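These notes open a run of structures that come right after.
Across the two complexes that follow, subunit A remains constant while its partner is subunit B and subsequently subunit C.
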Partner chain A sequence: MTFPSQVLAILWKDIRCELRSKQTWISMGLFALLVLVIFNFAFDLRVDNKAAIAPGALWVAFVFASLLGLGRTIASEQEKGSMDRLMLCPVDRKAIYLAKLLGNMLFIGVVEVVALPIFAVLFNVPLFTGELLPIVLLGTLGIATIGTLFSAIAAATQARELLLPILVFPLIVPVVIGAVRATGTLMVPSINEPPWLGLMAAFDVIFLSVSMLMFEYVIEE
Partner chain B sequence: MSAPYLEIKGLKKTYSLKPILRGIDFVLVQDECMALLGANGAGKTTLLRILACLTKPGAGTVRIDGLDIVREAQHVRHLVGFVGHQPNLYDELTVLENLLFFGRMYSVKHAPERAVTLLQQVGLARRAGERVGTLSRGQIQRLALARALLHSPQLLLLDEPDAGLDDEGIELLEELLREHTRRGGTTLFTTHNFERAVKFSNRICMLGGGRVVYLQATSGLEPGGVRQAYQEVLR
Partner chain C sequence: MALVKREATIGQGEAKVGMKHQETRFPVVSVILGTLSLIGMMVSIWMIFLYAPTDAIQGEPQRIFYFHVPMAWLGMLGFVIVAIAGTGYLVKKDERWDWAARASAELGAFFITLALITGSIWGKTIWGTWWTWDARLTTTLILWFIYIGYLMLRSYMGRTPASARAGAVLAIIGIIDVPIIYESVNWWRTLHPPAQVGVQDALPPSVVITLMVSLTTFTLLYSFLMIQLYQLQRAQTLAQQLRASIE
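After this line comes the complex of A and B, so read on.
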């Protein structure tokens, strides 16, 4: 079985399981919406401060909601047989990581697709431009890359729900800063901004490479 | 005598500084079925998990069909079928979907036909479209056996395969083991039932204190004799 077939088989299985259990998508989506609504009421949004607050609120909602899903994908493997189900199979461990990463990106992506229009309405910001797509893609990839690796580490502990945010938040700071600033630049174009997209892409490539190499050692006993 | 199929030499394993296996040595040849007995915590499950490449050995060497289980783990995984304490199935998938998924993972040729044949063998053909989460404990155990046999492994490792099975299920298990042995397969299973240990296997191995304390062919052995030996060696 080829590497891409292994990735697709595990991804297909995860999507099918999730579509039937509906545990991850619904809780992630509801959480993201709640965060956006709370931020909308909590901050005094005016035309002059909207660009400073709205991107942060959007990405905080995405990050918090993502963590719910990131914890689930590996934890669901750990239930009833730990990772044994996949570890018994003669599949490349990198294929397991990549399938979990793609699954996480898909789950987060669906939440983003639902949350973005609601964010645009609540915060009254025109965000539907083609330029937002690479920001969301690179930001989501960065969060999912780190989150997938560390959810595997956290899943092996008893306090996984507590441990996952503590491990993930510090490491995704660069990509979140990049995503917030790049989104803010979309709302209020400014000059002399660093190349945030390039920085996010560099971060993603580095952490994707490191995570794929480390995943095998993380999930082995 | 056939060449050894499973060869264990000086196998040791420690968890959190506590030695679980202190030096296991034995050999299994093709078409041999061995029952592994021992008290709770004797190291039976740890031994099977090491052989299934789920846990790395602390010291010693294990070869399956001449392959080192640490350095050539991916090849060894193709040769091994494992049923553990947990069924290792996905509750949200149907019975057939589970087998098809694992069929893809093991690159099983003609996986749909193989899955249907196995489901008929384990008596679950009529439940093929039902989710695993709706099955009883015994039915899940039957499906776990089918999953372990899906890729026609040469070495079957079964950790208390009789757990949760009714009389019909036990008969089915015996038939599956005999069929596997007839085809030249090797089996190592754990049990706490002395009768089944004698009935299903060619040899009995007892673990005590992380070591092999009893190794005996079952021909001419009675369950009572095994029980007595068990009580003596593990006293």
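After this line comes the complex of A and C, so read on.
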């Protein structure tokens, strides 16, 4: 098997598992919606302060929901004992990482596709523009690259639900800043903003390359 | 890193067989470093409170700067050494690198906490606020979180090769991430006073000399404590191996 087909095979396995159980998608999606609803009460989103709060609320919802799903990536494999079998397969460790990363992006992406229109309706903000797509894509990629790597690390400990956010949140700060600012600029255009999209792409490339190199050390037995 | 090399020569094979012969060598390096940092501390304190001139604008509170800068420096140096030792572990698969990484992480976390506290005290008197979301402050706080995450991860995973690898990966990702965090917060907003050492005529020479003496002393103290913590890590590992061999 070639490298891309290995990645696709593992990815397809994860998608089929998820389509049968549906536990991750539904809980992530509901969680994202609940965070948005809570934010509405917490900040009393009137017309004047909406532009200042809404991008942050949206990304906090995405980050929190992502963490729920990311925690499951490797942990679900270990619970069923299938991680050992996956490691026995004659595939490159990078293929396992990429497949898990793509799977996470897909799960988070589905949640975002559901949450975005509801966000736009609930908060009454004009966010149905094509320009939002690259921001969401790059932001999700950044969260998922770091998150996938550290979900493998946290899965090896007893306290993975506690440890994963503590390890991931500090490291994804640049991506979150970039995503929030880019979304904010989209809602209220402002001058003198750095090119956040390009910066996010640069962060993603750095995180992705380092995480891919490091993944084999994390799951080595 | 000279430390690790020194250990490599005297501690060869010892970890495996479990202390065949008790090490009774007199700890020359520790004694020298400890004495030097003790003398340095006394000289630094004299220089900081009596020799260095009182700042014309900030007054006496400015003197905390001579403690704050070395502590922040050691907090960052500590993490660089964790990352270097982590890389060394991943390449060499030698437990000694991991002992150095753990020792440096504990020390660095200690010094960066002190740097955050001293910085806050200074900020309250000069800026009128304990905290502000400036690039350096934010990056230091996030580095503190990474340190705490590192220490938590290591204590959850225990003394296993998997734990050492995970720690090394976290340190390497962290060391790459910290400059990125600094730059991204900088683009966001910044307020911290820029570094004035090295700028022509910005500071009187007595201030620069005091700062340099203080930096050197604190670095000596770091090296001294580093050796002690490294030995502690080694002793703990040996104790664990011995206990495992009995059970």
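Note that the second predicted complex is superposed on the first by the 220 of 221 C-alpha atoms of A that agree within 3 Å, B and C clash if a C-alpha of one lies under 4 Å from a C-alpha of the other, contacts with A are read in each partner's own complex, and residues count from 1 in each chain.
FYI, a residue touches a chain if its C-beta (ideal position, glycine included) is under 8 Å from a C-beta of that chain, and two chains touch if they have at least 3 such contacts.
Note that this is a predicted model, so its numbers are computed, not measured.
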{"item": "First, second, both or neither for A:E220, with subunit B first and subunit C second", "value": "both"}
{"item": "Subunit B versus subunit C, judged by how many residues of subunit A each one touches", "value": "C"}
{"item": "Touched partner set for A:G178, first subunit B, second subunit C, both or neither", "value": "second"}
{"item": "Partner chain in contact with A:L163 - subunit B first, subunit C second, else both or neither", "value": "second"}
{"item": "Subunit B versus subunit C as contact partner of A:L149, first or second or both or neither", "value": "second"}
{"item": "Partner chain in contact with A:P90 - subunit B first, subunit C second, else both or neither", "value": "first"}
{"item": "Contacts on subunit A seen with subunit B and repeated with subunit C across the two complexes", "value": "220"}
{"item": "Partner subunit A, residues of subunit B touching it in the complex", "value": "52-56, 74-75, 77-78, 80, 82, 84, 86-93, 97, 101-102, 104-107, 131"}
{"item": "Subunit A to subunit C touching residues, read off their complex", "value": "146, 149-150, 153, 156-159, 163, 166-167, 169-171, 173-174, 177-178, 181, 194, 199, 203, 206-207, 210-211, 214, 217-218, 220"}
{"item": "Touching residues (chain side subunit C, partner subunit A) in the complex", "value": "90, 142, 145-146, 148-149, 152-153, 156-157, 162, 165-166, 168-170, 172-174, 176-177, 180-181, 183-185, 187-188"}
{"item": "Residues of subunit A touching subunit B in the complex", "value": "1, 5-6, 9, 13, 16-17, 20-21, 80-82, 84-92, 220-221"}
